[in-house]
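Notes for the one structure printed next.
The letters A, B, C and D name the chains in turn, as written, and every chain counts its residues from 1.
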Amino acid sequence: MNPENYVPTEYLPLFIMLVLATLFAIGGLLLGAFIRPRFYYPEKLEPYECGNEPSGLPWQKIAIRYIPIAILFVVFDVEIAFLYLLGVSFSSISPLALGGAIFFIFLIILGFFYDLKKGYLEWTRF
Amino acid sequence: MSVVRILFFYFAFVILLSAFMGLRQRSPVKALLWILLLFVHIGGLYLLLNAEVLAFLQIIIYAGAILVLYLIMLLILDVREEERSMLYLKNWQSRIWAGLLVSFFFILGSLTFVNKHRGEHTLDKLKEVGPSKILGRLLFEDFTFPLIILAFLLLVPLLGIGLLFVKRRQDGSA
Amino acid sequence: MRLSPRHILLVDLLKGLSITLKTLFKKPVTVEYPRKRVQLYASFRGRHALVRDPVTGDARCVACLKCSQVCPSRCISIKFEDDPEKGVRKLISYVIEALRCIYCGYCEEVCPVGAIVLTEWFEYSQSTREAFLFDKERLLQNWDAFVKTFEGKVYTNKFWNLRGVPESLKPVFKREGIDVKLRGEAS
Amino acid sequence: MVLNSNDMVHLALLSFFKGLIVLGIMLFHAAYTVYAERKIIGRIQSRLGPREVGPYGLLQPLADLVKLLTKEDILPKEADRFLFKLAPLLLLVTTIVNLSVIPFYPDFIIADVHVGILVILAFAGLGVYGVILGGYASGSKYSLLGGLRSAAQMLSYEIPLTVSLAGVILAAESFRLGDIVEAQANSLFGMNLFPQVIGFLVFLICAFAETNRAPFDLPEAESELVAGYMTEYSGFRMGLFFLGEYISMYVMALLISLCYLGGWSLPPWMLSLLPILKEIPPVLILLVKVYFFIFLFIWVRATFPRYRFDQLMRLSWKVLIPLSFLNLLIVMFFKLLT
């Protein structure tokens, strides 16, 4: 095998599936475009607000509570990447490496429990 | 030209294009979407390099987590359109700095460029053992110490989340 | 946080699931309406009607206004004039706004002559508001339409019999009912 | 693999037809799951469910399709036109692609890649964009809040889901779903369910939350958010969101069956007890498992009331994540013993 002309052909079907799914969705939309009615008037295009006149734009300042969740998600996602790699090579690595990996997981869990104890993850904190 | 070359040039072109378009785009959310395209194509480039695990980890972590964090941040901070005056490339000093930075990376890249494939992890071995297993073994055996440093790095945001709340408590606002 | 074995083993959740699973195999209560019908209860309060008097062929109403006074949603409006010769009131118009009616049945309860009834007729949907403005003629027609489907000979209404009022004090029609079969001879 | 162009065309055509078959079967299933859901929930509520269209209402999905196609397509005034159109596509496409790495049969898989589970996670991660962008682009307050909430929900539940999957990967030492099924068939209990009950439960609960199904159907909390990120969508675009939800239900049901219940294999003790079970075709075994989970999805929806948002977050961060790590430690312990 020569890396010069290596093509990851296993992933070709994945790509084909992607194209198929896109074609299906766009095809459905196009098919509908021919037969669906179009009777637009300004009231119909207004954003929904339970029948009231819409008051202001939606893009206003929203609670900051979503940010800790996103940050934690990033941290855990990185950790999960290593967890998975550890899972795959669990029985083929040396005890020392295993110890390092478990220390890695343990440290993150420790940080997580610190946040939990401090209550940074309470939704109703503020 | 072989298929690999064509695919490589496609990925490289889209990466450069989406980076450029992401910089040009005025709406931050759309700029973010260009960056999403960029990340997905970097994944494709990894795939061509026979780094399957890395390719999908790239998408999972960069596109699926970090960019989502940015997106949520954007929605919360209510930035619909970038302010014109905030364009930091307006003055010539910053342009020079940016140019120097780009050329630094360019030189660094060309210095470390290797035009042949070497090392013990050949394609055949990769196929035999499986790419994920080799990566895992390499990571945990040879890079145990950097891994532990990484753990401490990852601890920083976990401990730093509290800062978000401390500031708000001083305001007294909810 | 509450932590008990009951909590950890999800006993409550499983109980809920078992209840819904049991209902899954029970017979549905739905009656498929246009094909099957439910048996209406006696004196179901449906479309309004003015009883057609078998003798005169007109409404039995004597314009006493009790119904419009008692109506909680004020949907009955009556106009009348005094007839000086006979010394009785004469009904000019009797209008019910059916869309405002809440079907409480006070009007038929209070009526001293059994003129207004809420018939056991519920299929009267219309597509305009005006169609629900029942005047005297419409109300009489409603009665005729109802009588056609009515199987018994004598119409009595459960709501005519007020609790606590002795039988002897009730008007005759409330005791014996209204003879619906006479209608054909009178009109 | 190094292939010449002829082989490549062959592979492309083959996978194209495989993809068509899978897509067709899955769309059929999704349509009839809607029907089954209405029917089952109807019976649970002592109603009859759809009955009017065709015998026993069996043509109801077709009628729904016609309705969705002929419904007006409304682009709200404040909407970002491009993103508004992109969002449902993104969600549906990323969900459908997941099907290509799932084996339905020992040899029937569209893309037999080494990193099957990573592919599913990657595309599930991209699906979050559909939700957030749908909420952002609509230009409505309900949409934006609903989108943010669903995104927060999906992010919070993806962590325990992936960590409990790590236990499965640890047991099989492979990312490929086929290998995971085989490893289970050769294990002591024949399925991952028994050493990993905690992981199974955590995964099950997270599967409900990831697919935005009751009792975690916060985006569809009519009483507070109207229809969440779908509020402004109508017609076929809303249909795409719905289809995405139902297909992701199937992806999750398939994943649970493959990762925890042994997929198309039956545990060895069951086979030795009843040798006749060997005659059942493998795909039927998988189907029974998948249908059971689909039924469970519907059953749970008909039974449990919706969670409040803070309860939802508390459940994920305080209960499920610690539990999933506990599960992982247990699996590691067992693995070290053997």
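Going forward, a contact is a pair of C-beta atoms (placed from the backbone, for glycine too) under 8 Å apart; a residue touches a chain by one contact, two chains touch by 3 or more.
All figures in this text were calculated on a predicted structure; none of them were measured in a lab.
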Chain of greatest Cα-centre distance to chain C: B
Between the pairs C-D and A-B, the one where more C-beta pairs touch: A-B
Centroid distance [mean C-alpha coordinates] between chain D and chain C, Å: 52
Averaged-CA centre spacing for the pair chain B and chain A, given as whole angstrom: 16
Inter-chain centre distance, chain B versus chain C - centres from mean C-alpha coordinates, in Å: 74
Centroid spacing, where centroids are CA-atom means, of chain A and chain C in whole angstrom: 59
Junction residues of chain A - those touching two or more other chains: 1-2, 5-7, 11, 59, 62, 66, 70, 72-73, 77, 80, 84, 86, 88-89, 112
Interface hub residues of chain C, defined as touching at least two other chains: none
Residues within chain D bordering two or more other chains: 8, 113-114, 118-119, 144, 148, 151-152, 155, 173-175, 318
Topology of the chain contact graph, where touching chains are joined (line, ring, star, complete, other): other
Footprint of chain D on chain A - complex, ascending: 1-2, 5-7, 9-14, 16-18, 20-22, 24-26, 28-29, 31-33, 35-40, 42, 44-50, 54, 57-59, 62, 66, 69-70, 72-73, 76-77, 80, 83-84, 86-91, 102, 105, 109, 112-113, 116, 121-124
In the complex with chain B, residue positions of chain A that touch it: 1-8, 11, 59-64, 66-68, 70-75, 77-82, 84-86, 88-89, 92-94, 96-98, 100-101, 103-104, 107-108, 110-112, 114-115, 118, 120, 125-126
In the complex, chain D residues that touch chain B: 5, 8, 80, 82-83, 113-115, 118-119, 121-122, 124-126, 128-129, 132-133, 136, 144, 148, 151-152, 155, 173-175
Parts of chain B lying in touch with chain D, wherever the complex brings them together: 3, 27, 29-30, 33, 36, 40, 43, 52-53, 56-57, 59-60, 63-65, 68, 71-72, 75-76, 130-133
Residues of chain B that touch chain A when the two form their complex: 2-4, 7, 47-48, 50, 52-53, 57, 60-61, 64-66, 68-69, 72-73, 75-78, 80, 117, 122-124, 127, 130, 132-133, 135-137, 139-141, 144-145, 147-148, 150-152, 154-155, 157-159, 161-162, 164-165, 168, 174
